[in-house]
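We just call them A, B, C and D in the order they show up, numbering each chain from 1.
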Amino acid sequence: MYVNEISFRVRYSETDRMGIVYHPNYYIWFEIGRTDYMRSLGCNYRDIEEKGILLPVIETHCFYKKPARYDDVVTVKTALKEFKGVRLSFDYEIYNQKTELLSYGYTVQVFVDKNLKPVNIKKVMPDIYYKLISNK
Amino acid sequence: MYVNEISFRVRYSETDRMGIVYHPNYYIWFEIGRTDYMRSLGCNYRDIEEKGILLPVIETHCFYKKPARYDDVVTVKTALKEFKGVRLSFDYEIYNQKTELLSYGYTVQVFVDKNLKPVNIKKVMPDIYYKLISNK
Amino acid sequence: MYVNEISFRVRYSETDRMGIVYHPNYYIWFEIGRTDYMRSLGCNYRDIEEKGILLPVIETHCFYKKPARYDDVVTVKTALKEFKGVRLSFDYEIYNQKTELLSYGYTVQVFVDKNLKPVNIKKVMPDIYYKLISNK
Amino acid sequence: MYVNEISFRVRYSETDRMGIVYHPNYYIWFEIGRTDYMRSLGCNYRDIEEKGILLPVIETHCFYKKPARYDDVVTVKTALKEFKGVRLSFDYEIYNQKTELLSYGYTVQVFVDKNLKPVNIKKVMPDIYYKLISNK
């Protein structure tokens, strides 16, 4: 199974007054992992959107084990969890520079057209479908 | 069962280029619901933090049914889901001004001290414990 | 001169690890003031956008005097600073519940079409022009 | 004059429903530039904060020329504008991957202690003072 990895530094703006990263920001990091996963397979999400197909999120789940802190370098590991043609879900794990697991979770997305109606990506963008399915 | 309600207008900053509210922002709204729930019972979260007890989030879950849009007036309905003394979980539903259900979910929090070690709120802040438990 | 006022509570998400409101968030509050100013004159910004006219920001300036803190109730006071037909600028002041001035600043916006080309609002939406100009 | 450069990809979360980057986010990027500037001189901002010295922002100014868009790779160029010992100001320019200037601006910060009282960094952290002053 292919696992994508991307690393970046925690921003000051991502912290809260508890002194740690504010919890919804992990979903922004999951999205960075997800788009980097797709980019690495040749599926640039910006190009998909520009052709009129969107990929809104319909479920998000996260479990927080240890806090991320300002200036940490975190790594998002992303793997495809499930994909048949309309729904697409990913698993994520986030680590800090000491390779401690900070959080993990998954999200579910669905391919839709500009009116937010679900579409089967196999029919409308077969190249994207085959690139994604080959890594499941 | 007590259900707290709070309403506010969707901010421009909360939208993304899909033209709808960016999905992690629902968790910011869940938190607004959760703190308003606690405030309405006389448990001001700022006061709790100032006495050295924090309430970090350890799980978040959200299901997205319809998009919230800029300038909508949304309502968060919050109810206590589970509480024994250390872990505290809440259920949320978000509606727009047409009373359409936009999303629902739940979060789990845990009472901790400044070193992020779990504490039993019944022992350290019995007044908070009894105010919360009476509404379960 | 007409001065619009709108008040709301500081969100946990708006704080940073310094324990105070993270500085760019004041611009989100300026925008809340600006859109409430326009709404109060019968110029709903969402309606303007839906007719194809946008109002991107071309300059922002803010001076920070005292920190806003979590759970404070802040008030944004907004006044029209300058307006001729294309460029529109607003002055803002932000106060806390003790009526302490926390910050002040101004922003400059420009009316544009969907291709981000400047337009004279007097020509394309005279009703909006006259509502705004009457309050300068 | 030393000019620091740092590049990163625009996040989906940074866009708004106008389809471009939401304007206050440029200040988050300015901060990334500022902290990378300081890190490159051996002045890690996290270490400074952990020794009890903070650097809150007291003025922010930005001029927006062209929009940044999702998935662009932007570069922040940061230079020290003014520094005497208490106040510290930086100039910034932001470019996209086509080397188009998107925005420019400056911010003013002040060294303070934990009670937010100004301090002369030359006295309390002379090593930081000399590292910064040598690059003015």
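Simple rule for what comes next: contacts are C-beta pairs under 8 Å (C-beta built on N, C-alpha and C of every residue); 3 or more make two chains touch, one makes a residue touch a chain.
None of the values given here were measured: they were computed from a predicted structure.
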Partner chains shared by chain B and chain C (touch criterion as defined above): A, D
Far-end chain from chain C, centres as C-alpha averages: A
Chain pair repeating C-D, as identified from B-C, A-B or A-D when over half of the contact pairs by residue number coincide: A-B
Fitting chain A to chain D on CA atoms, where both chains share a sequence, rotation angle to nearest 5 degrees: 180
Comparison of A-B and B-D by number of C-beta pairs in contact, larger one: A-B
Same or different residue numbers at the chain A/chain C copy interface, by half rule: same
Averaged-CA centre spacing for the pair chain D and chain A, given as whole angstrom: 28
Gap in Å, rounded to a whole number, between the CA centres of chain D and chain B: 33
Centre distance in Å when chain A and chain B are each reduced to the mean of their C-alpha atoms: 24
Multi-partner residues of chain C (at least 2 other chains): 12-13, 17-18, 20, 24, 28, 49, 70
Category of the chain touch graph - line, ring, star, complete, other: complete
Residue ranges of chain B in contact with chain A within the complex: 17-18, 20, 23-25, 27-28, 49, 54, 56-64, 67, 116
Residues of chain D touching chain B in the complex: 12-13, 15-20, 22, 24, 70
Interface residues, chain C side, partner chain B - complex: 8, 11-13, 28, 31-32, 35, 44-46, 49, 70-71
